[in-house]
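The letters A, B, C and D name the chains in turn, as written, and every chain counts its residues from 1.
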């Protein structure tokens, strides 16, 4: 009876964002909301945990208090979020994960990228393009496993190449352009002979690109990022030293996630895990993603 | 049975301020220590109470050496001290300030009703029964805070009671209560060490008087063998022919008129006029509302009836200056240098363009330090907190004199100031009045209020109850109007 | 004199009444404008959500009363949590939790010694501790640790009747802590130290030891909060707890504590925690968009302390931190 | 007695000398143990990297001198940056930058009025401002904004001889600011207010106006830091600047400022900035792993203020924040 009533009045779907203050995550939130609008009868309630796992659990509890029909967890912090998932399970609500897949715990469905594959992709592109010293700029612990997967993907390709040396920046870029800039400045001081830089996301690469330009090494060093942030796409299209990124589009994932949740609520049997492909973006195809 | 300090030396940051002081006292004695501002009296007392360590020397009781490296040690030996600077915890009740560290307990927890009872009893015994132990200390007047400080020292039956200028903020009945207390303790065999600048008091109370000058004991005497004049001579190294200046000629035009000023709960319907060239005393008992009145006149507080200056800035522009009674709380910026404190009122008015005129600040401060004999020498660049109490008071005065006031309000300006300096201050006020200033001298010292002024206003419970010419008026006549009928 | 004293007490009562009224108003507004507010689920959520901030706020209060501050609590929460989760593999759960709490106590004691013995500024000492302890949490484990043993979740999920166990623990801390501050000599000494440390020293009380005690209590509360949080979330994260200190401090000040020390109460701090948790809950229930939530949260906090202030006698409201 | 004055002055000199020595020691250690340290690239990096912390530290110092604190500076950096970047589309670049700085001034003034006029605790006021202003930055734009006009990058990348323009701007702020604090009536008044506001009020100085001025200066510095950072990175992010306030405060305290007000100098704060930047730079050059960097950074800060303290006359070292 619950279901029938739900269908008539439409659904309310709660979105529990782990961290909204990043363009990727706010983009995801917006994409989910936008897709909900197209359905006409789906209401979205969105929360932000500000990067705090406990707050995420609290927000999920608040959403359940509001008696939402389903919950989407975006950018979940962990390999698992037992308390949040348990609460949802106890309330007998479906939960769809986007971006991050939990290795344990029960969820209804997951939609996200294959971060390791994106890293590999960048690695292969760089392997074909450069020889010499390649630097890695990591985002930081807040999102450890995503970054780790991307970097591991890259290393799995470049680590085996005899003509390539990998150097890792010792401090984190904290996923932002300002952090990317500072870390790159440090790298340039220590390794004047770099030929390429890989950043765990585009935002850091954009900052790193500025540092390289200021040091007058634009001709010497190329950049590879992840995400497909608009500014990065533009830089790639313009033929700068920003040469490649892997698409990890919040728009695509968010849209799919909302569709998937509505399907679940409609009683459909759905695929458990869906990997959204992350096409490689270079100068040749950048225009189609802008 | 004697308490004996032997060859005590004390240095602050490498500068010696006590150069081998030796003194002793026996139970039942009232040992007075007198000396000019900065002579080292408070330092000596801080050593005795374990508040600061001595650099070298010994403290013995009956020949046995006492180790007092902390106030706790001193308490353990029965030595209790009332320090010169008030230091109650303002947020806490009187009870708590009194019994801190000595609470009555039940089942391990503080028994508050018993604590209040005990505190009330303690105040009663000390003769300060007017104070409600449940009041927060910060709400008490300075005088009552001082009484609490004194009562605090009695918590655990001291065998030595050390009082550093306890009378400086007391007057009238409160002062009598203090003297009575001291006599009672004396008769019980307590050794009382008593520091004061009020020599009459010292001569009345003391069994022995020790004169300290520049960190050395220069004389030990008894009240019978000396008088004020010779004590001042010993302390100051100079003779004072007279304490109060000659009376001034008839006053001139009115400079400040207060009409029907009042502030709810504090004072009411106060009117008076200050004229050029006169010094007017304002006498009253503790809590009679003099300080609040002065604050309202000066624009530091808002009156609820009548008109006054709207801000201190306005008052200063009109040529009014006010030396407040609480020098640490509202007179000085303790961490700043003497020069900056003196310059506080004038660095804007004398600025050259956007910049402070440093040359002028330097010479002004130097002149004031010279004129008021602010010690130690070269103190211009010292943080004012390192000066002795009396010298701090002079810094406050200097700051205000630099504004070239036409009306000067002085709230207890000689509190804690040594006799020789007091005389200097009276002379200076006199000089200012002769130059055409009007001075309002608020004081709890009856002798001073009659000696240094031309007429006296008397305040009782927030109302002016009399105006008397200073010449020919007796202390009794003034007190009569100050004490509630 | 009696009148004055009565007036003072009367006024204190007014302040508390106003504050209680404010909280009541928040609750009434919530109950009438959001049908979800008074549901059992939501009330249980509220009870759970106040635990971490509550524990940290009590510890913070004790430190603030001395005139200090403890910025390191968020990092201690992370460290205690991750160490506990890590040790569960080798140790019985209660023992692992004890080690977590003990680590908090140890960090607190170190902070206290640096502040009291070496007379360093509490802000900088605990700021440095914030950095160092956070680093140590990551050094212990870069990745989150989820103990396999389901018994680990018990503490965080057990209910005593309608009330979560962890809420009871927090209430017990406030209860015992309140008595400690109001009715024991060390508690009173801590408050007096914040009012005037020199006076307390001259009263023969060991000021340093009490300051160390205060920071240790804060560390203890943070350690406890760490294991409770971990057990509640079911996983320990080395990155958890960033900026937790700010909410704890805000709760104390909303509850009437003065950051220059000497004034504040357990009751007040608890009220402050309630206000903060209610604000968060309400903004969520109303579905206010995340960034607007931040905007509003700041404005509401200002409004709350403005209301608080107008009820406070003017002479006590100093323009200082 | 003359000796006393000379010695006191002598001691101040000693403190400064010790501090200068410390910085020199850091530099010498760096130069001899890392071959990258003395390279032109690294030195330029150092000069650039000290700009944001430097600007914020000066503003923070002015507020700290009054006995207050400004936690909102990181959020102001973000707001000023994103608004400037957003306006570049419609306004000439200098005007857009002016608006950015003006926004900082406005936020600072609001903080100041709340602290001075309404006598609210600076910690909580600016904490609320931190939250609200951060929210507003995101409300203005959730996504980063990269102005297309390359002229936008000029400010951040221009060099004057071997010295980056932005470094010169920061040095100018410290230079002018130092003179302001040491030699102008409002500057001295601000310091005196931190020592004893009541004394200053009775001296006829408008305390409130000076407190507002102090927070406004901090807002101005943060606004300036915001546009400089944005121009340097080339892209404005609403999430930038989190926890920037902590480094700024640490710099002031390392440089000898007292958080209870009344003590501190521009020279000292600048030294503090140098120490922090050098520590970061060194840890990076040595390739210390990020988490250990955090651990060490905290420990080094403690060590530095310990060294500072032993050189300070004891009576001034209070066990208070």
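Everything below uses one rule, namely that contacts are C-beta pairs under 8 Å (C-beta built on N, C-alpha and C of every residue); 3 or more make two chains touch, one makes a residue touch a chain.
Note that the structure is predicted; figures quoted are calculated from it, not measured.
Participant: Can you check which chain pair, B-D or B-C, has more C-beta pairs in contact?
Facilitator: Answer by contact count: B-D.
Participant: Suppose each chain is reduced to the average of its Cα coordinates; what separation in Å results between chain B and chain C?
Facilitator: 43
Participant: As a quick test, compute the distance in whole Å between the mean CA positions of chain A and chain B.
Facilitator: Centres of chain A and chain B (C-alpha means) sit 71 Å apart.
Participant: Could you work out how far the Cα centre of chain C sits from that of chain D, in whole Å?
Facilitator: 29
Participant: So which stretches of chain C touch two or more other chains?
Facilitator: In chain C, residues 138, 142, 290-291, 293 touch at least two other chains, as defined above.
Participant: At least two other chains touched by the same residue of chain B: list those residues.
Facilitator: none
Participant: Residue numbers in chain A touching 2 or more other chains?
Facilitator: Counting only residues that touch two or more other chains, chain A contributes 20, 141.
Participant: Considering only which chains touch which, label the overall pattern as line, ring, star, complete or other.
Facilitator: Contact map by chain: other.
Participant: Which chains are in touch, pair by pair?
Facilitator: A-C, A-D, B-C, B-D, C-D
Participant: Along chain D, where are the residues that touch chain C in the complex?
Facilitator: Spelled out, the residues of chain D in touch with chain C are 67-69, 71, 114-116, 118-125, 127-136, 138-139, 142, 197, 207-208, 211, 246, 249-250, 253-254, 258-261, 290-299, 301-302, 305-306, 309, 314, 317-321.
Participant: If you look only at chain A, which of its residues touch chain C in the complex?
Facilitator: 17, 20, 45-48, 51-54, 57-59, 61-67, 77-84, 86, 91, 104, 141-142, 144-145
Participant: Would you mind writing out the residues of chain D in touch with chain A in their complex?
Facilitator: 36, 39, 41-42, 45, 48-49, 138, 142-144, 146, 153, 157, 229, 232-235, 237-240, 281, 283-285, 287-291, 293
Participant: Taking the touch rule as given, give the residues of chain D at its contact with chain B in the complex, in rising order.
Facilitator: 1-9, 11, 179, 183-185, 188-189, 191-192, 195-196, 198-206, 262-263, 313, 315-316
Participant: Please name which positions on chain B make contact with chain D in the complex.
Facilitator: 13-15, 298, 300, 311-313, 315-317, 322, 324, 329-336, 340, 343-345, 347-348, 351, 354-356, 358, 375-383, 385-386, 399
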